[in-house]
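There are two complexes below, and they share chain A, which is joined by chain B in the first and by chain C in the second.
The block that comes next holds the complex of A and B.
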């Protein structure tokens, strides 16, 4: 992974940030972000050229099982710290990729994965509406329609709760929104049992949070393409 | 040679007729007796009937006391989610913060919620199988126990960013855990298994386990009598396996299905027992021939040195596991032929 931003030593800063994330050094990570900003690097470039590459690399390591949930959790916290520090630039609506509604399905209370997805989507430029844990199907659809989201991301950790996603699939179809709103599903159980994605009616999934941007972008494009063609 | 002698000889490095074999089949008992899971985990007689049915059907070398951590969370005030096919799970942990968890009174083992069910079911198993089939009881590991009280995410955050608070909650929860472990032994459990999620490579790196968890694990284990086994709940644990031999009363470890068991053997001293390491999910999805082959492969690597129990790694096997797969798994130990520490 390399990183290059115009007029900044982003490569060096990226490596320092990645090192701090892997070594669970939240304070050091904050120093790296502060030094980047103090050096005159615009917040958007800090995100694009320093934070994003570090997140991508961590995602690769997570996928390769060379880092643990605890390290991933710390990385999420560090990403959250950095995003909050750089937040004013992210508020530019022209930079947004779209609106994503996310939440854990009814009866599911395992929020870590969902929160990580929300952070990574936010870092990638999405406006994220996080409905939290134990969200009924009706609330997902209602919120998506309210904010104009083309993608709903639903998380479930266990098979017992993943099955509840079927209710949302059925509701979206019943309300005639199948072509307008796509359903992204994720969570540990989908990694163990990929066939469950189809079983619960998901339009797509990603094995980890780092893939969320790509998945949501693809699904949003599908929804918009269907809209344009109809 | 009965199962009790087979297991005890294996643990002690004495000759056995074949390696012991075991599958985690708690909820499976309900499928065999036709009762629902809520009844199975709420009625000691129903649970006992389930284990008897498992034993009669397959004859594995260990019987299992209720492996149901939701009962612990529930006793502290948490909510349980009941599935039709899976063991009950924690729906909502009892406390929203470390401070709340520290303020909660410790539940009574004899009268709170479903805790007495675990003890009574263990007594029943011990009455039925004493010195015929060993009874094992499963407890949450001391390092991950607080996750049952405040949720895994909050617990990780506390361990990582508030070590003083983490230490307080570990100490607080240890009182209950030690008392529960003692009560299970008193009820007749022959061995305790601690599923220490913090020992899993998927959850925590070696340094975090060694620095934040291992000292506490050592203290808690020292306070509990009886033989103990450490499990990583199915996750990989070779990265910390060398730290486990020598812990007070620890006779072995259940390694993860993705651990290289040959490497596990290299990492541990002679006499340390290894248990495992077939993948839970394979049991439901693979055919019986494949299960038999996987078991034989595992035996060929791990059994020759003795001190080995063939088992699945992780929690309850899926209820849809075909009977033929369990039979193939059981038969694999008979097909396997002598190595060191075994007599044909």
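The block that comes next holds the complex of A and C.
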């Protein structure tokens, strides 16, 4: 993995951040991000050229089984910290892309991935309505209709809970909202088993939080296009 | 001839399953794998896959006493025809879905008896030896340690006090009757052979 950014030693900082994440050194990770920001690197560049590559590399190592479950958890937590340090300057309330309703599906309590997705979406200009863990299908749809969301993002970490997303797919279809509300699915199990996206009725997925903005934007465009053509 | 049931289970439930078999709640042979495999899901999956293949060749009737502890757990059960407990993890098997949900909403960190004895091994590997880091990380999303007392071994107060000090979280005991787990186990046994 390489990292480049105009005017900053992003490669070096990326490696330092990755090293801190893998070694569960939360304080060191914070120092790296703070030093980048203090050195004048804009928060957006810190995210794009330092944090994003570190998260992608972390995912690669996790899938390659070269880091443990525990290391991955801690590293993800540190990534969330780092992202939060970069976020205030990225928020632009006048540039809302749309409303996204997100949550972990019924019986799923693994919140870290969902929260990270929420942070990335918020940073990208989405109004995020986060319903939390263990959310029943009815609550997802009810909230999406209430706030006018075109995309619902549902997270599940494991296979047994991912299967519960089918209930939401069926509910959306039954209520005649298939063309108006799109279903983004994500979570570790979808990376291990991509065929699950279709099995649970997802309209799309992303391998990590970095791709959430692109996915939600594409799905929202699909929903709006269907609406305009009908 | 009736085939013997083999209960292929996580070692975290060794005492509970042994008690249930002793008391006549379940019949058959108990086989346990190391509970620390939970920390390495790919290794757990390959180990279980091999164990299931071997047991199937021997013609055993298999019940998988595992939650959703690796990515392919449902497939392992389906492909082998093993029954599997309908629980996302061992704590939910012991508590039942309703009580588990209540405790999760309380942001409880659940501690099983076998795990309580090994907490330091697990947590220092996971979070590092520095209690400050552990406190930060656990304290952000957990409010209390809840020891699930299945009534078989004495409550490990020394270990729980130490875990509480390490994590910075208070702890309490929740008494758990084995009837809930027994019902789940028997339902899984009844499903054996249904999932191919």
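Heads up, the rule we're going with is that the second predicted complex is superposed on the first by the 138 of 230 C-alpha atoms of A that agree within 3 Å, B and C clash if a C-alpha of one lies under 4 Å from a C-alpha of the other, contacts with A are read in each partner's own complex, and residues count from 1 in each chain.
Operating definition for what follows: a contact is a pair of C-beta atoms (placed from the backbone, for glycine too) under 8 Å apart; a residue touches a chain by one contact, two chains touch by 3 or more.
Given the structure is predicted, the values throughout are model-derived calculations rather than measurements.
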Which of chain B and chain C A:189 touches, first, second, both or neither: second
First, second, both or neither for A:60, with chain B first and chain C second: neither
First, second, both or neither for A:73, with chain B first and chain C second: both
Which superposed partner A:222 touches (first chain B, second chain C, both, neither): neither
Partner chain in contact with A:139 - chain B first, chain C second, else both or neither: neither
Contacts of A:110 with chain B and chain C, given as first, second, both or neither: first
Chain C-contacting residues of chain A that also contact chain B: 24, 26, 65, 68-70, 73-74, 77, 107, 109, 111, 158-161, 192-193
Chain A-touching residues of chain C, taken from the complex the two chains share: 39-42, 67-68, 71-75, 88, 97, 101, 104-105, 125-128, 133, 136-137, 141
Chain B - residues contacting chain A, complex: 81, 83, 85-86, 89-93, 151-153, 156-157, 159-161, 200-205, 208, 236, 281
Residue ranges of chain A in contact with chain C within the complex: 24, 26, 65, 68-70, 73-74, 77, 107, 109, 111, 133-134, 158-161, 163, 188-189, 192-193
In the complex with chain B, residue positions of chain A that touch it: 24, 26, 65, 67-71, 73-74, 77, 107, 109-112, 115, 158-161, 192-193
